[in-house]
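Each structure below appears as structure tokens.
After this come two complexes, each holding chain A, first together with chain B and then together with chain C.
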Partner chain A sequence: MKPKAVKADIASKLVDKFNEFEKELNGHSKSPMHTVRKNALEELKSNGLPGPKDEEYKYTNLVKSIEKHIDLDNVSNDSSLSDSEVESFLFDNEDANIIVFINGLYAARHSKIISPVSDLVVLDFEEAFMQHPEEVIAHFGNYAAKYKDPYASVNTAFSKNGAFIKVSPGKVIEKPIMIHFISDTRQGIPVYYPRNLFIIGERSEVNIVESFHTFGDQPSLVNQVTEIVVSKEAKGSYYKLQLESDNAQRVDNTQIHQRKDSVFNTYTLTFGGAMVRNNLNIALEDPHCETHMYGLYLIKGNAHVDNHTVVDHIMPESFSNEIYKGILDDKATGVFNGKIFVRQDAQKTNAFQSNKNILLTDDAKMNSKPQLEIWADDVKCSHGCTTGQLDDEQMFYLRSRGISAESARAILLHAFAADVLETVKFEFIREHLDRIIHERLH
Partner chain B sequence: MLTIKNLHAQIEDNQILRGINLEVKPGEVHAIMGPNGSGKSTLASVLAGREDYEVTDGEVIFEGKDLLDLAPEERAREGVFLAFQYPVEIPGVSSTNFLKTAVNQIREHKGLDPLDAVSFLKLIKEKMKLVEIDQSLLSRSLNEGFSGGEKKRNEIFQMAVLDPKLAILDETDSGLDIDALRIVANGVNQLKRADNAVIVVTHYQRLLDYIIPDFVHVLYQGRIVKSGDKSLALELEDKGYDWIKDEVGSLV
Partner chain C sequence: MSKDNRVLEEITTSEYKYGFTSDIEADSAPKGLNEDIVRFISAKKNEPEWMLEWRLKAYHHWLTMKEPTWPNVKYPKIDFQDIIYYSAPKKKKKLNSLDEVDPELRETFEKLGISLDEQKRLTGVAVDAVLDSVSVATTFKKKLHELGIIFCSFSEAVHEHPELIKKYIGSVVPITDNYYAALNSAVFSDGSFCYIPKGVRCPMELSTYFRINAANTGQFERTLIVAEEGSYVSYLEGCTAPMRDENQLHAAVVEIMAEKNSEVKYSTVQNWYPGDKNGKGGIYNFVTKRGICKGDGSKISWTQVETGSAITWKYPSVILKGDNSIGEFYSVAVTNNHQQADTGTKMIHLGKNTKSRIVSKGVSAGFSQNSYRGLVKVHKRAENSRNFSQCDSLLMGDKCGAHTFPYIEIENSTARVEHEATTSKIGEDQIFYCNQRGIATEDAVALIVNGYCKEVLNQLPMEFAVEAQKLLALTLEGSVG
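== the complex of A and B ==
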């Protein structure tokens, strides 16, 4: 599907910005990586950015939001974050591999990889291209050509830094990898383009946790792309903890390729941001893949959070399970669009999808749309979406036992989110989430 | 302890309670009987503070306070407990965590320190014995997938833990077999003291063989149309409700 785009101002501005970006690259503008960037820029030039008439961006007018809040001629990625300010965003668990980016730039000082290099390679994307050019370019180029979200093209055009993770075949990485992206908005309005590539080797196992924070009250714009290759018989999980401020603009594209007998879990957990668009695409490219997609958005104020997911069953006998839950307060708006494709060869597919939402006010809104496209005949697919309020009977029951209305509400909402939270494997992440949710609900 | 005067309540323009008067003193057991639809659960709900009902007239004084002014949780903290006729299932909420929150919010209201995990567990264990409730039931989500009898037993268990001044049992006997009925009644009797009171709502007298009421009231068409001692319950058992209806009919 080719997006019917409006030639927005912002797209041509980005083209100008690209020329500046290119100059800063100096000698590197001849590299194969840059060819990919230039191709992506051409796509941006010819397609523009999606406007409100675009089916995929019908409920999420990102262009308008960016135009309103971000002056691309007045961007500053300078940061004055002190060490202790950075530390304040890190989790309590220090027993992890840690990698930190500040306004998109790799912060070596705060990063620490404790797993042996024979098992795990973690590098800044730019450095990874120097050290492993073939491997990076194989995926990088491949990806840009395949994937059509206009914002992903923008990211590709401007890609330079991000997390590169490579797990050696057969290795189980016990310690989670924590990636922190911190926006410091005190010096100006940061705009950056994280580019991640995770290559999870055959029979290996890894857990990656990304978290996003903001410092200061000014807006920021982060356009991120993450590509993940889950090789044969590999296992893994990938968490996104979106904790940005209510002035943050975010567009996030994640593309996952799963190979035979692999098992992968994704968590998209949104607690902050003014405007957040998450595109999660999972291609089950071989038989016997298993994938679980969990989402939770707990939003308030004027936040707008849009989750577009695609799970593509290409070969037989794979299993996909998607559970997205939303709690929307104040004037928050949620969008969920879940596509399940079952290709002709994908017989005996088992696909499950559910999206449930609770609106806490009359002003909160939710647009939820499942989209199933099935070309195979022997498949099991089910989906359901509901949007409602807190149950009065349950509220009354709890209150009649002496529990305050506020606590009762928190208890019920916590229970509502439980199907997602209970699947979180790491105790320290679960505790962290419980804390966030507790704060948010009280 | 509880004084209800001329209580009128309606839901969606249906007048359900049409002038209830009732006085409950510490140490007493009152039974409220009456045919289906007469307003028994409505009365219980209004006392517990369900917001669907609109009180259009009358007053309810509990321990010197205007009960109708209080939010449901405030009533509970003051010592009112309703054992629901149909306890709602709450998936994802652990029975024990829920009770701990309730116990500690009630304690906070009374100016007491919260119970720590050990003391809370001790309390729970003790009360579990009283109503012969199984640990496995409490490790599940609140009322989720419980049988009718298990739900009722869980209500009485919660009552035992929260130790109210005034307990209102709404048809706690329905759906119980004779053994469960005996256990529940036994639990209620053991909790009975000189300084608390119970209102037993039922439309069978069966439960009253075990929980002996001091007073029996018949509720019909939103009014208490007859009051007496426990022999009234036996009379109702014997003759059904028709004679009451006839009596009321002849009055109007």
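== the complex of A and C ==
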């Protein structure tokens, strides 16, 4: 179904912005990359942005939220972050490749790549296009266009900076790649469009950890697209740690393409943000792919977190596993939509999905929509979805052993989140998450 | 394999068992829909002014509405001007006994295995038989009358109980509800009205057999069930329709009102003509069914076995308004050949301690598409509400599809909502186990499918359960290759 064109003003404002953006590009406006941008803009012009009547945005009125908090005519991506302030966001892990983006711009000063260039290439997207134009053009926009999301088109139209990662075939990158996106809102309201492209070569292995932070109390709007190509027999994991402030607006599109015999794990961990929309689309293009999707959202205040996922089983004998868990406090709203498509050729598919939520208050809301669409007969697919509260009996068990109500609650919630946390491979991430959860629950 | 194929062919090529047309002179309206047709229908039925006004209001609202496109079904666009909106069997004088019923008409019923006198004598079921939109006979009226139960055709009720109809019509499904409900409200031909007074437990299963007869006739039934405080009723609806090449539209509306501590059980077996094996013909079944548990402690239970129709599109729903009220939905939807079904339920929890249970079993074979679409909504004030949903799909063959679209919206922390869905096929090990014990493959399939659907079939009243099992076996035997 075509998204209904609503609020022409936001879309038309974006079109004006695009013209400004085009002028700033100078000589690059004739490049093939720009053609992709222009096509994306045309799509935005004809389709507009989705309103609440649109099935995919039924529970999340992004347009309204953006209109309320972000004045597109009054955007400032200036930053005055000092070195020590940037350092405060980095994890305590010296032994990693680090890339930092401040208000969408690559901060070379804070970035360091320690893995050899023969194994791993990490560049700013703009730079990558200069150095590896063929590879970028071969993938750029190809995947994001497949599961059309209007916000992904907006990102494509404005794409310039972001992380480009290329892992050479057969190489195992042991040190994780840490990507930090920091919004500095002290100078104004930042609006930016990070564009990531990860090409994971055949038989290689890599772990990418992305984290998002905010500095200052003003709102920000980040519209991100990440395209990931997981080649034959490759292995990888991708973590998204969303730790933004209570005023941050975020639309995040992730498109993953898995080829034969590949294994990939995705983590979407949301602890902050006013309005967060994550679209995670995974296409299992070849046989024998394995994919795991983990999600955890622990939100409070008036936060609104929406996770939309798609697993598309195109060829036979693939396996997908999805576990999303949510704890909603205060007036927080959670949305989950998990689609599993099993195409006619995808016989012997094994797909599993589970979404479990705990509402801590009567003002919290949860809207779940698991969705299975199956065209093949020899498959095993199931999904489960629950929404409820903490178990009184478990609570009683702990209380009867002299544990205070507050601690008992924290223990149980921690245990609830453990299904996801325990699968996190890196100790330092797990510790960091434990710390955040601990702070949240006590 | 060749044997299986042969069986498959046998079954899929077998003609629709109930496919015949009875030659009864039909009293039809001209094709098309306009204000005059609405007036014509109303006049034909000698309706009072208020009824006509209500119809016209619905008609004018319908004109402003758009045909919905969201269901997961595909069909050629319906030309609403190419449908006959009214057709009645030749009118006779008032009937005193079954003998006065048109013999040919009775023969039709006998072919269907629901001979009226048979029913009357042996089963104790009161049948309000609807043949092409007009009730021809109503049995057991006397006995029900003694208890104060009103069970009659809708048009009769309009004349005899206008105060009840005025009060309740459109109170659960308003004319503005949706496209097909509005259409039905404008042109509904007839249907059943059922009123159970306070504290009365209806001693027999009430049943209506719908049947679509004359060619090119859309049938627009309207059923209204009102259960007063502390009453109980079990209502059965079953359908078969003759073979047709053109698609026939059926847009029914069912409204149920359950007052304090009352219980309504509504069971359906639907076996309308599904079209031939190439997907030609068949009935379009676009139905709005909704009940409201208005009083505290009331209960509404929907049970449906859907095997027919080219396209089925219905969502029997319950609005749980009263505290401690209960809503149930049990469904088996079987699709074969080119059938498409988009069916499910809505459970809307408004009152405290409300409970709902959804069990949906879908079976798809051939080239069919079977979708479950359901909503569970827990409002902010619905404390301690509880829902359990289970929707399973069984796939036979690799050309069919099974889809689930559950919507779960929770606004209260004390709510407990669970949803499970699985999709699978009949296990080779299960077939092997049966074969090994001398059970032929096709029998094994019937056995397994019946077992798979047992949870739902158990909810059906006795006589329906038997019919439903037969239907399942008939639709699916040999569908596994």
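What we mean here is this: the second predicted complex is superposed on the first by the 435 of 442 C-alpha atoms of A that agree within 3 Å, B and C clash if a C-alpha of one lies under 4 Å from a C-alpha of the other, contacts with A are read in each partner's own complex, and residues count from 1 in each chain.
Assume contacts are C-beta pairs under 8 Å (C-beta built on N, C-alpha and C of every residue); 3 or more make two chains touch, one makes a residue touch a chain.
What you see is a predicted model, and the numbers here were worked out from it, not measured in a lab.
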Of chain B and chain C, the chain that contacts the larger number of chain A residues: C
Chain B versus chain C as contact partner of A:W375, first or second or both or neither: second
Touching partner for A:A405 - first (chain B), second (chain C), both, neither: first
Partner chain in contact with A:A138 - chain B first, chain C second, else both or neither: neither
Touching partner for A:F416 - first (chain B), second (chain C), both, neither: first
First (chain B), second (chain C), both or neither touched by A:Y397: first
Residues of chain A touching chain C in the complex: 1, 55, 59, 342, 344, 347, 357, 359-362, 364-389
Contact set on chain C toward chain A in their complex: 69-70, 380, 393, 395-425
Complex interface listing, chain A residues touching chain B: 391-394, 396-405, 407-408, 411-412, 414-416, 418-419
Of all residues in chain B, those that touch chain A in their complex: 48-52, 71-73, 75-77, 81-82, 84, 87-88, 90-93, 98-99, 101-103, 105-106, 109, 141, 158, 162
